[in-house]
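Each remark here refers to the structure printed beneath this line.
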Amino acid sequence: MTHPLLDLAPLTAAHFAAIERRVASLLSTEQDVVIMQGEALLPLEGCIRGGARPGSAALNVVTGPYGQTFGNWLRDCGAAVFDLTVPFHTAVTAEQVGRALDEHPEIDFVSVVHAEAATGNTNPVAEIGEVVRAHGALFMLDAVASVGAEPLLPDEWGVDLCVIGAQKAMGGPAGVSAVSVSARAWERLAANPSAPRRSYLSLLDWKERWIDGGRRALLHAPAQLEMLALEACVERIEAEGLDALMARHSAASSATRAGAVALGGGLEPYVLGAREAAPVATTLRAPSGVDASELVAKALADDPSLPLIAGGGALSKEMIRVNHYGVDATRGAVLSSLGALGAALSEFGCHVDLEAARTAVSETWPSE
Amino acid sequence: MTHPLLDLAPLTAAHFAAIERRVASLLSTEQDVVIMQGEALLPLEGCIRGGARPGSAALNVVTGPYGQTFGNWLRDCGAAVFDLTVPFHTAVTAEQVGRALDEHPEIDFVSVVHAEAATGNTNPVAEIGEVVRAHGALFMLDAVASVGAEPLLPDEWGVDLCVIGAQKAMGGPAGVSAVSVSARAWERLAANPSAPRRSYLSLLDWKERWIDGGRRALLHAPAQLEMLALEACVERIEAEGLDALMARHSAASSATRAGAVALGGGLEPYVLGAREAAPVATTLRAPSGVDASELVAKALADDPSLPLIAGGGALSKEMIRVNHYGVDATRGAVLSSLGALGAALSEFGCHVDLEAARTAVSETWPSE
Amino acid sequence: MTHPLLDLAPLTAAHFAAIERRVASLLSTEQDVVIMQGEALLPLEGCIRGGARPGSAALNVVTGPYGQTFGNWLRDCGAAVFDLTVPFHTAVTAEQVGRALDEHPEIDFVSVVHAEAATGNTNPVAEIGEVVRAHGALFMLDAVASVGAEPLLPDEWGVDLCVIGAQKAMGGPAGVSAVSVSARAWERLAANPSAPRRSYLSLLDWKERWIDGGRRALLHAPAQLEMLALEACVERIEAEGLDALMARHSAASSATRAGAVALGGGLEPYVLGAREAAPVATTLRAPSGVDASELVAKALADDPSLPLIAGGGALSKEMIRVNHYGVDATRGAVLSSLGALGAALSEFGCHVDLEAARTAVSETWPSE
Amino acid sequence: MTHPLLDLAPLTAAHFAAIERRVASLLSTEQDVVIMQGEALLPLEGCIRGGARPGSAALNVVTGPYGQTFGNWLRDCGAAVFDLTVPFHTAVTAEQVGRALDEHPEIDFVSVVHAEAATGNTNPVAEIGEVVRAHGALFMLDAVASVGAEPLLPDEWGVDLCVIGAQKAMGGPAGVSAVSVSARAWERLAANPSAPRRSYLSLLDWKERWIDGGRRALLHAPAQLEMLALEACVERIEAEGLDALMARHSAASSATRAGAVALGGGLEPYVLGAREAAPVATTLRAPSGVDASELVAKALADDPSLPLIAGGGALSKEMIRVNHYGVDATRGAVLSSLGALGAALSEFGCHVDLEAARTAVSETWPSE
């Protein structure tokens, strides 16, 4: 029986390498790009277990839940970890990073999440990169929630390990992910006796057996369909233009923020500074007395496909998150989300002004 | 280069025949089902050119634009055509059909559109079928916009030629379509010297070369991907249950109608009787002084993917159509559509009550 | 339930038009290209019913079964038809066409099949075109089995209606097909009162409602998946290079011919002149006393996926056809086909030299 | 732009769980089945790192290259490893396993590869399981190359960790893979302080957060397309019947072996005992004086898609491997492979009898 997802000719090494090159081009990077055959957590874990070891000292910037995961991995590797935890309503600053590095000159690894979909903020990576480079530590960036939505320039910013996934602003698959690796990072990993080797977690395996082998033989059978989807999504971005894609996300973010403020009813932007708001998701503080997860449940009752979600874990009562990435980076999705939130707020007895919200969206993001 | 849409193993005759059987089962029909390799206009044209000829007399019920197309085809075939044109705000009745048949006993062909997505009404085919059968004419039904959304029983209703497409309530592809053909219809076509033969329009070719040949060799290479998509959509309907699918469309229709009335602002159901309203689309009359196509343009400015469309042709100034079929047969799509219409009406200075609309939807179609 | 063939965003008119442009570019044509939503028989029938009428005189070159179909359509339109039937083991010559035109100066329509997959020959269209142009008749070409396999230049050759399908050398879908239409052809169709209008067969509908309407609205919902597959196959051809694709088919043809001759056992090329052999398929004459369809059945017993088929209809006893188009235009497919034929011939008691066949293939088509 | 691999609705947890259940049913297992989001090396590594720790003692049966990998992982975990290495031309016996367990009563973990595609043998897992169960050690089985090709009954055989991938006999995707986990194994992993936790390698994460959480929330975004392909391939197996699929592989194996022997020219089965030959691949010893990798290169020159490959690593000069799994488990693929090998052997001056090979295949595996 014929099926479009089965019996495809195997993905050749040359085709795999061509997809790598297109991803590298999307990142404007001259570094090696490795496409790992799993969700972005796989290269993130691979970077940390490859970069840290007993004796390492790591500065781990925590601006959301992934930072906590990174800290755990770092400690698991035997590194001394300095968590720089920033309240979720704000981004970290380069000054804060610089101060921490000054206090702990032994730090040799810095981990940062670029944009935080979970908390709605985005960190000033260009400036942080300058500070980290001056210090000399290896710099790992989780850019899953920023790639495609805002500028991401690992080479220019001095990022040594830059991990991306296609499932957010790129509108692509989640089952494979990529990491760009600087020469400095390769050296560091190679010198680390406890870095994963001959392991699904290993970046070095890809270096030694794939890259250094001339990209002739893959380490194992790839996730072919996810690779083809990654290629298709990069093609689509090339057709729209990366700048246009980023502009669309930026507009969605501004419009959601402005619309939520105009909607009223007690909603407030969770991230205080507009410049620190992530282009992929806008987080909002629920009005006092209203449980955010109940509010979201009510707002989704009519259309479960709306990109609304309550905050995770401890934030579930107070934070509402409006996603606006990929196919949801449109005025329509923004308006539908605000409309559903407004209706749900009304049911909680909050007074909202849907008309004002709509006007604010239109003024912030005029339709063409 | 590998691509999931290319280099598939050819669709075998046995697989093609298996898809036919599943479609027949969806229609609860024992008649032959022919899957034609084009949009539903192809079998519709094939039915009329096969069933009519100089000397034929046809009763053509016009409840929307397709009825006009059918009349033109019938006249083109040299048939005497009696158009029974019904105002677009109402369905035809079996009495009207019966009266027309009584006035013109020579009528030997009756063409009816079941549900009209374009005008939002649905015709009482079970009752019409009884009248047509009593008279003895061949009965052709265009059921593209009803299949999957409301009961459709060609055998029980005495439909001789029942044409369906998968692109509306079935949520499937438009590039292939099907027609069930009664034994009576096959005889009629075979006896018609001007029926298409050895032609892309020909039903008889499928009878003689495919069905009578034991379904061993297709007439030509099929539209394989559309066939696979048709199979996948029938599988999905079997999984959801045809009754559940129909209930979802019926609820969407009632909720849209109730919500639009509650919204106010001068909107009115276009189809006067609720029983005559089609489950796939609700048509609304724009408030006086408001151009429907301008209203729809405004409502779509924010989200062009909403299932809203102005009436076609002469109706473009007065009719707004809310589609609610397939993936749009959800409470969320209904509410988003009404919300966008409400916002657009406000901009035209009409007073609307979004809250009342939402309440009406919720009462008509409670969320589970 | 998620399925990659369902719930796709509708194919936009702009996307459809972009696919048209890529197909036009593949044909190096400045003419309008119409992509019809059915197998290539649909535009072929549309061309003939649009171009012919009572009073027309047509020269119909019959070099295979499709020519017979064209003749029937032409007669059906009321045209006077002059069939120029050429034995299946040879191509037509421009001289033969010129002589027929000289004998019947009233001829205003000429139909030719470029390459004949069914009989394995290919006709000298460039030269024929010159003759037809000098005469002034409208020139229709069926290029389904040549496009992608050998040069096809409708503008340079003066072809007025050039019909292609993607299912042979292009390695694409069969469910949509294309026709390039010259300005002269549009005039002829427009002036023909019996040309199909408001019909699935109508080219004029596409002209008037799609092209002249600025390609803004499609005539009906397209066969979306087939369109996407057509786009993907054109992309793949662009990546391989059209010249490389044609060279691959040409080599497959030469190698099959040489290999079959070297194989011996009584096999002979069906098409006498090597220059007249089609690049998509090689036809062979079975040894005397051996039934071709039995031979093919035996050869396919072990691998039913081999591109072997007995001749159609009256040729079934004497002709064996080796297809070598699309994914089968490879040395491996050629060798496997010859190997299976050789083994089957042995079973019939014919003496074959498999080694010589292999050597002949290798010398004709050296591996890279 | 529309693309069938992008913008799919997210795979729901319920759908994911339904795929798990179908995989469990394919294995006739009541154990928990975890579908891990990577190639089968991922769950294999997860099983070993979860099951072994400093203080463990492992019996590692090495019948091919994967056994070496497992040994390295086991040592990496700090376990005492007893490698039971069997020559590649034979399977291990239950007696050998039993003897090793008797010698080392401290052994608490046994790892075995069921079928070895790389060496062409298959091990008697039912009998081994009995011995391991009597001893009490945890029993891990790599069944990637056996599932779908020969009986695989983890519950009946006492396999505690049974890892499968769909890319061989199942004809499915390689990008996701599954492991069935016995209650005993869960206890062992939970009690292991060094088992991976909060890691891409962790089976326990799936237990604690997915299974024990009621299968309501996935650990991270899945490789959706690979999951859909896995579902499609299981559906296809259900349609063909698992028994029929296994019979097809068994016949392919017998026919390849018999055909190679009959072909002669110095080829010999690599695996001495026919009962120990794997149904997915037949390994052959090259004639003395002929380099296997050169022979394979020559055999593939004409058709690089044939399922032939030289042995890996040290075996590259002496071993030829004929794969016959998935779409290649057909008589045609077997014959084409033997034909190509025969032709290549001729070029090396070896005398082969292609006709005898063909006859042997036909007698071993009669066409239907």
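So that you can tell them apart, the chains are marked A, B, C and D in the order they are listed, and the count of residues begins at 1 in each.
Rule of thumb we're sticking to: a contact is a pair of C-beta atoms (placed from the backbone, for glycine too) under 8 Å apart; a residue touches a chain by one contact, two chains touch by 3 or more.
As the structure is a computational prediction, the values presented were derived from the model and not from experiment.
S.K.: Find out how few touching-chain steps suffice to connect subunit A with subunit C.
M.R.: Contact-graph shortest path, subunit A to subunit C, evaluates to 1.
S.K.: If you tally contacting C-beta pairs, which pair wins, B-D or A-D?
M.R.: Higher contact count goes to A-D.
S.K.: Between the options A-B, A-D or A-C, which interface matches B-C on more than half of its contact pairs by residue number?
M.R.: It is A-D that repeats the B-C interface.
S.K.: How many angstrom lie between the CA centroids of subunit C and subunit D, rounded to a whole number?
M.R.: Their C-alpha centroids are separated by 45 Å.
S.K.: I'd like the Å distance between the centres of subunit B and subunit D, where a centre is the mean of that chain's Cα atoms.
M.R.: 51
S.K.: Which integer distance in Å separates the CA centroid of subunit A from that of subunit D?
M.R.: The separation of the two C-alpha centroids amounts to 36 Å.
S.K.: Residues touching two or more other chains, restricted to subunit A: which are they?
M.R.: Subunit A, residues with two or more chain partners: 1, 3-5, 7, 9, 224-225, 228, 305.
S.K.: State the interface residues of subunit C toward subunit D in the complex, per the touch definition above.
M.R.: Residue list for subunit C touching subunit D: 1-5, 7-11, 15, 224-225, 228, 301-306, 330-336, 339-340, 343, 346, 354-355, 358, 361-362, 367.
S.K.: With touch defined as at the start, can you tell me which subunit A residues reach subunit D in the complex?
M.R.: 1, 3-7, 9, 37-39, 41-42, 45, 69, 72-73, 167, 171-176, 198-201, 220-226, 228-229, 232-233, 236, 239, 305, 326-327
S.K.: Enumerate the contact residues on subunit B facing subunit D in the complex.
M.R.: 4-5
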